[in-house]
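Same chain, two partners: chain A is paired with chain B first, then with chain C.
Up next is the complex of A and B:
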């Protein structure tokens, strides 16, 4: 078990900055998910924690010890790679054994550890099979056994579920979380799938262009996104963004966009007047209403029926894509016009220039 | 229900294909594409082979008028007690084993080197194929000059290091090894290319896994690099075995079977017998032993190695 600290870690490939000045602490025993689109530097970050990629500058600390220059095997970590990589020509048992071959343990200790690890992830009956005889889920479990057999301080998982089908992914997601809680080991999980991140992580670190956008619990990330990018990346269907302005009218704040005039309520009521703001609102917080001053005219683009609910995908007057979650019985033809109202008490205001939230009432006095 | 339905759907699927006018049936199409090839094969392989088989049962004489006398298996029996044949046979085996090992070894080393080239130097990958573009005839002349004491690399190196000696590789003891090295130089680039293509299919992450498992360089080679190459290595072992056993032009231009008969491999003995001594019947019988050697050695490789690889 280990607490992992990244201090001002930088990685450059030639002139390209893969990871920029990353500061991050992964608490002992926590499951941290690194989330981001491909190319955001999350895998590079994991490789640096593992010691597979050299750090250009900065330090990596395990429990306060600087491991920046240590080779991978000296860090006592275990890793599960994308599509559950195993040595293809070795049996499951030999694959697991390879993790301990250089451990200096006696043959009988190794046998016992393999048996225990196989028991933990329920692959004892598969040990004599070759990787190509295993199903995707079985391979994943064997790869996990190969990782836990080392009894590492930290598990690093690099998109291990991305190559599996949806149903299996769901099962294995729960298995991994359950396992991590049982053995109480620090785990870093890299994924580009925000649903995976939300469901698995104790905390989520959202990365973009080599930098950390926000780190926090799934609830914080979902309800209090600190950048426009996080707001748009996390949550299905994604958040809606409406460009507009905030004006002051008789002491009340209004969000104005074309003919739309929405009084701001709740937290957003304190938003200082501004010429350009982006109002972000979850599709669940929008409703279909009658035409009027407080309703946004929308053109239906597509309708996605999910069974329990329906997502209406619309184009707004300035061609932003807006999604609204409505009841499952909803029907409309593509191209028809709808009017949507929204609950401003659950809306977030972003400054389009900084892409950061506009804090209610802060700059107003000055 | 399913039973009843399946014949119906089958005929429904077949009808348009078979009934369409002007189209060939499967058998007709098969005949059209294969008959010309079969005729060609009979002309260029079966006929000469049959003719050679016929020759091998005769004693052919050119002096005092052409004559062919039926001698049955006498030629085959004589070959087995011919000292030149056994000398050539052993030299062929020695040359073949050495060439196969050197070619695979050099090919593997080349592939490993060019695989790890930094991006700026990747164009070198294309250059290493060049030795393969040299004909065996040319390679023979080339290695003859390289090996000789008067002109060779050995002497040049010795002089460069300050020794006043001439080093000759074309000697009774070393000539076969030297020729095998030349043959390997000629063929290794092709092996390297195929091995490289195979190596590039190994997921790079497997090397990361090996690092985490603290494998040594040799273990990484053994467990990560080598396994996907085994089938290619098997195929090339077969190909190079056959090519080495039947090598003639290269040895003809390099050493003419010499010095003495130190590099008179089977093909060279055959050439002397059939085309210099004009003992065609005896030569034909000897050539069937050469054919047997090729078939047996590739058979051994297949049954001891190939079947195992095919099963994986």
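Up next is the complex of A and C:
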């Protein structure tokens, strides 16, 4: 068990900043997902927590103890690598054993631990197989057994599921979360898949260009994104962005864009008038409606049928891609025009200059 | 093009390649099993009419009595051939062992570690691959005369290493580069760099090392240019150099063919038994 703190951690490779002034606390027993596009610094961050990569400046604390200069094995962590990396020339049992080889435990203790770990992730019957005889899912389970056998303070998982097919990923995702809750060990999970992040994380840290954009529970990240990037990155299909202005007219606050005039309701009604705003709205908060000044004219670009619902992908008048979730019975031809209304009480307003949300009453400064 | 036409072309291409390789080989090797009058017959015979092993006995210094009672005398080159066979084996085995011992850590370091001037050093190692041996022959010869290394196995081994090390390093660096990031796994498990290299990377690289050994062995076994200049006529003569001696004797195509047969045997045997590893190289 460990609480992990990163204090002002910086990593540079030559002149390139891989991680910039990162402050983050991972609570004891928590499953934190680091989410971001490739090259955002999430794997570097994890390697620094593991001790595989040296920190350029800043400190990493485990339960208040500074471990910044300790080598990986002195930190009592376990790591599962991309594609569930195993020693290819050793059997599953030997692979798990390698985790404890330097532990100083007696032979019988090691045997017992291996048996227990194999039992926990259900790989006892695979122990004498070689990695290349195992399926993707089995490899992943053996890699997990190799990690838990050490009974570490913290698990670090670097995109372990990325090489697996979708169905298997779904199964193993649930298995990992279940395991983490059973053994109550701190876990850091790196992924670029926002669905994986949303479904697994107690909290999610969204990273971009070496910095932390936002850290919070999946609900917070989804409902209250703190940057335009987070708003666009999290959620399937992604959020729609509409450029426009906010004005006061006849005592009502309106979002204006071309001929579109939308009265602002709910929280968005507190948005102060501004020449340039970005209105962000989830695709399922938009509806098809009749032409009028409260309707946005769109051209159908593509239609994606998902069975229980359909996503209409459209081009707006200034060529922004807008997605709308509609009923499964929807039909239209590509290129045809339709009109969309939206529920402004569920819309978020962003300042295009700072990419931060504009909250009721005040304009936040980044 | 239809599927069947592609197949026809493929079969043709393979057939041409096989004929290209094996026909000259066969033509030479069949001489080893024929008598001198049979060889000089015109039009040439496609198969040895009455295969015999006379040439093989002759090149090892024994007379051979044919079925009809004719005695074929031993070759005057016999001593050189026997010495050459022995020396070629010694040189090839030693060169292979030293090459692998040097190149395995060298290529691991170049493939998987970062250090200053790495690119330039690597270029220096690999540059010698592109130098034709003849270009370094004269400086080496002058040096060897002064060091008294002409006509010694030791000298020949050193000079052969200058060929094998860069070529094998070239192959092995690529091989190590393609291996998964096992070092990180090893470091998490608490192993030292040395342990990770000797106990994890080297066993994992078994196929690559095997193929590298074959390459080193074949280059050493086939090396002719340096041997011709440095050891011909001495007790350190190697098989290719000894065989070239036939050129200066009364023509004995049977003896020449028999020694060629001996000299191509090891490459064939090796290639046959290591097929699996050679194919595996591509997948690791």
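One rule holds in what follows: the second predicted complex is superposed on the first by the 362 of 366 C-alpha atoms of A that agree within 3 Å, B and C clash if a C-alpha of one lies under 4 Å from a C-alpha of the other, contacts with A are read in each partner's own complex, and residues count from 1 in each chain.
Quick note on the criterion: a contact is a pair of C-beta atoms (placed from the backbone, for glycine too) under 8 Å apart; a residue touches a chain by one contact, two chains touch by 3 or more.
On a predicted model such as this, the values are computed, not experimentally measured, just so you know.
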Simultaneous placement of chain C and chain B on chain A, clash or fit: clash
First, second, both or neither for A:190, with chain B first and chain C second: neither
Contacts of A:349 with chain B and chain C, given as first, second, both or neither: neither
Which superposed partner A:55 touches (first chain B, second chain C, both, neither): neither
Contact residues common to both interfaces of chain A (with chain B and with chain C): 47, 50, 52, 71-73, 77-79, 81, 85, 87-89, 98-99, 101-102
Touch list for chain A against partner chain C, complex: 47, 50-52, 71-73, 77-79, 81, 83, 85-89, 98-99, 101-103
Sites on chain A touched by chain B in the complex: 47, 50, 52, 71-73, 77-79, 81-82, 85, 87-90, 98-99, 101-102
Partner chain A, residues of chain B touching it in the complex: 203, 205-206, 208-209, 211-215, 223-224, 227-228, 312
Contacting residues of chain C [partner chain A, same complex]: 180-182, 184-185, 187-191, 200, 203-204, 206
